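Two complexes follow with subunit A in common, the first pairing it with subunit B and the second with subunit C.
Coming up: the complex of A and B.
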């Protein structure tokens, strides 16, 4: 008991200072973070300065920035980045567009018949493992048994195309699958963003006779933009590092038509076992991902400062 | 027909009822106040008039046209919602001016009208600010300005003054009254404040649990309420005493813990029926000397509240708390003092406890 007769918290009774108690509480998390995040990251950073093939049985050789320099000078790497960005921008663009349309429909038509069932079905692709979805779609696109080539054949009278085997169509076939998987996410974000608009302001807009685009611009956008942008940024980061879907469908092929950075990374590290180049590429990729994350943090910060003023 | 008519209008949701079978004719160009407690259906009434909600049943006719299924855009009703809704990106000025600009008013005309309404509501100095820089009271006044600046035939204001400080309320009540007169439009104004209906209304509509229970000019309602809810109008609200009907041959009385009251029955009642008796504070008089007249009783002075022009004496009589005016008696009373109180029984109204409807009025006692 202390002066005012209140019982002391247990940690104080046992002679632990508040500071020590606080540390005791965070240490497990810090330890976990250190072991699974910091150490591998430093390991990766270190590896990126060496030439090291675990399969050759030779000791690692220090190269300094050699791996980075050869990456920068490798036209293939820039092509991969181009492919990655093409995939990322198209995927996020199409998914956002479709998501907005679907989100609007589901949000504005509460009484739509079968709305709940439709929403449940719509969201189901999102919970699938990307590798499973990729395998699925490889079958769907299969030139012999696939459904899609069959209908293309039936509708346009052309021979059944090998969509994934053709370097002109492979990227779009993969993209279509990604759109199928992730449009529901953007639909959900759109519904959430629209749900964030105060009902009273929407009603005021209808009483004030605002036209649809005026409502979008002055009512929906100011209130919904943060959630919508959050969705776009999350989706961008995710699309940037897509691996499972492409690995299961084309593994980067045919040729290098769908060879995005994450696929290249995997191949350098775990097929060629070129640890040094792989690590350097991984850091490079991480750097780009951090850039996206800071865009997100920038918007989040803006939101906080707006809320304060 | 000019004005607004509701015919058998109900509003139901899955688990709740907002309005029950409401029928009313509202004349144009008057100040109508909807009065009732929280959840009585005032806001629902307003929202149905504006068109942001549609009735589950019944029809709404406005200036001769059936508007039941029309969107707010097509109705031409100005609206000040209960939760002030401002456009976050706009300055206060633009918030007020935007609806006018949409209507295609000229810039100079808009400026004049916005400045005018801003002056009325005392928000001239904040016109350049944005909604997130305003206090709650300022936002509220901007929302009122935004609703009133429009030139419409019908204005619906859903409890616009709630929570504003006393001085602003007092001024705005007067301004609203003037505004209604100069616009010569129909104002429908919802409030749960017991004084605003008396200050503002040409016509008061009393709602209780989604039902229209009483309506009329404020003075009529104040003195002859037809529903126990109406008796809560004014300050102080009427004293409501629970009692029981008693029949003794031809003579009907209400027995209450305070006193027995002779009544004249105006509706079907039964002996032993539970009722509520409403007595206005000013209907209690201090009685000099002993007398056993009807409606007189002894009470203890608990508290004396002096509000300048008036005084309210809190009494306790046989376990019942009462508020009395004693306007004829100017001398100070001592706390704890026992006084003899006489009541103008003829001014009492007796309500059925269950339905709240007026079933009897007080009969003159042996008053004089």
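Coming up: the complex of A and C.
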């Protein structure tokens, strides 16, 4: 017992200082983080300075920045980055656009017939594993048995196209699948963003007879932008490192039409077993992803300062 | 501006009926304050007039034109909500101007209208500031300015002072009074604060359980309540009530010193009395024995914020609250003598409606002898 008659906390009774007790609570998390994040990261960083093929049975050879320099000078890498950005920007752009429209409809038409069922169906693709969805769509696009080539044939009178086997259409076929899978996510974010607008502000806008664009500009955007941006950033990061969907559908082909960075990375590391180049590329990818994240953190910081005022 | 007339408005939320066939007229150019306890339907009535709620049945007319089927935007009403609403990122001026920015309205007209309300609400110095950075009181001023600037047919205010506190609130109340007096708009003002209603109202409406209990000048509602509820609800505290029908005979007799003899006679003649009410501020309190007055024992005395002394005293079986400036702070257990002047005694029928003693007594076959017996049970 101390002066105020309260029992002392157990850690004090056992002679631990508050600081030590706090550390005791944090250490398990820190240890987990260190073992699964920090150590592999440092390992990766180290590997990126060496030439190392684990399958050759030769000791790693130190190259310094050699792996990076050859990556920077490799036109193929820049092409992959271009492909990745094309995929990412198109996917996020289309998904955001469609998501905004669908989200707005679902949000503004509360009494829409079948709204609940439609929402449930709409959100179902999101729960699939990307590899499963990819496999599924490979069948849908199959030039012999697929539904999509069949209807293209029926509607336009052209022979059934091999959409995934053609380097001009493969990217768009994959994109369409990604859009099918992730538009619901942006729809959900839109509904959440619009749901963040206080009821009285919406009512004031209707009493004030604001026009649609005025409502978008002065009511929906100011209240909804952070949730919507969060959705866009999450989608961007995710689209940037898409792997499962593409690996199941085209594995980067035909040629290198759908060869995004994550596919290249996998091939360098686990097909060619070129650990050094793979690691350097992984770090490079990580750097880009961190750049996206910091954009969001920047917006988030603005939001916090806004909330304080 | 317009007359607002509504007839037999019914609004149900699931099992509860918020409006039970409410009818009434809110007059052009007058400030009507709707007052009532939480859940009495006052806000629902306001929102139904605005079009934010759809009535289940009934009609609403603005100057004789039916509007009950029109959407909010076609009714041209101005509304101020409990929570101050400003459009984020816009200056005070632009906030007020935004609803007016339509093809038909020129910039100079907008500027003139906005400047006028800015001036009336003392917002001039803040015109260029970003509205969402202001304090709650100023944000509510902006919301009020926005609602009135475009001259809507009706101005609806839903507890506009509730979310504003302390000094800001007093300032806002004063500005609002000035604005409303100056503009002579048709205003419907919902509040649960009586002093607010008394300050602002030309006409006061008291609602309870989805029904309008009384509508009239504030003074009339206060001095001549048409219903027991109105007498109880208005005033701080409200009326004292005695329920002769429920009291036992001898118990009732002992409180009779409260009434003047002639009133006692007239009350005795009424067979169906529900309750007798009188306001605490009209109870006369004597510190020395007065012949015939009801003797009472002080239970509690306290100083109110308005500087009056609030006395709770036990007069026989009944508890009477009296409120006066200039009374000493009586100690518990001290004796006082009470009497209520006849003109301040209100009688109500068992259904709560006001009872005119003389008219009611006429219905009786023969008046009972003075003081011979207590009020009859119903």
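In this text, the second predicted complex is superposed on the first by the 309 of 309 C-alpha atoms of A that agree within 3 Å, B and C clash if a C-alpha of one lies under 4 Å from a C-alpha of the other, contacts with A are read in each partner's own complex, and residues count from 1 in each chain.
Just so we're on the same page, a contact is a pair of C-beta atoms (placed from the backbone, for glycine too) under 8 Å apart; a residue touches a chain by one contact, two chains touch by 3 or more.
As the structure is a computational prediction, the values presented were derived from the model and not from experiment.
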| item | value |
| --- | --- |
| Room on subunit A for both subunit B and subunit C (clash or fit) | clash |
| Which superposed partner A:21 touches (first subunit B, second subunit C, both, neither) | neither |
| Subunit B versus subunit C, judged by how many residues of subunit A each one touches | B |
| Touching partner for A:180 - first (subunit B), second (subunit C), both, neither | neither |
| Which superposed partner A:104 touches (first subunit B, second subunit C, both, neither) | neither |
| Which superposed partner A:292 touches (first subunit B, second subunit C, both, neither) | neither |
| Common interface residues of subunit A - those touching subunit B in one complex and subunit C in the other | 198, 200-201, 203-204, 206-210, 214, 218-219, 222-223, 309 |
| List of subunit C residues in touch with subunit A within their complex | 50, 52, 71-73, 76-79, 81-83, 85, 87-90, 98-99, 101, 132-133, 143, 146-147 |
| Subunit C partner contacts - residues on subunit A that touch it in the complex | 198, 200-201, 203-204, 206-210, 214, 218-219, 222-223, 309 |
| Of subunit A, residues touching subunit B in the complex | 198, 200-201, 203-211, 214, 218-219, 222-223, 306-307, 309 |
| For the subunit B and subunit A complex, residues of the former touching the latter | 50-52, 71-73, 77-79, 81-90, 98-99, 102-103, 132-133, 146 |
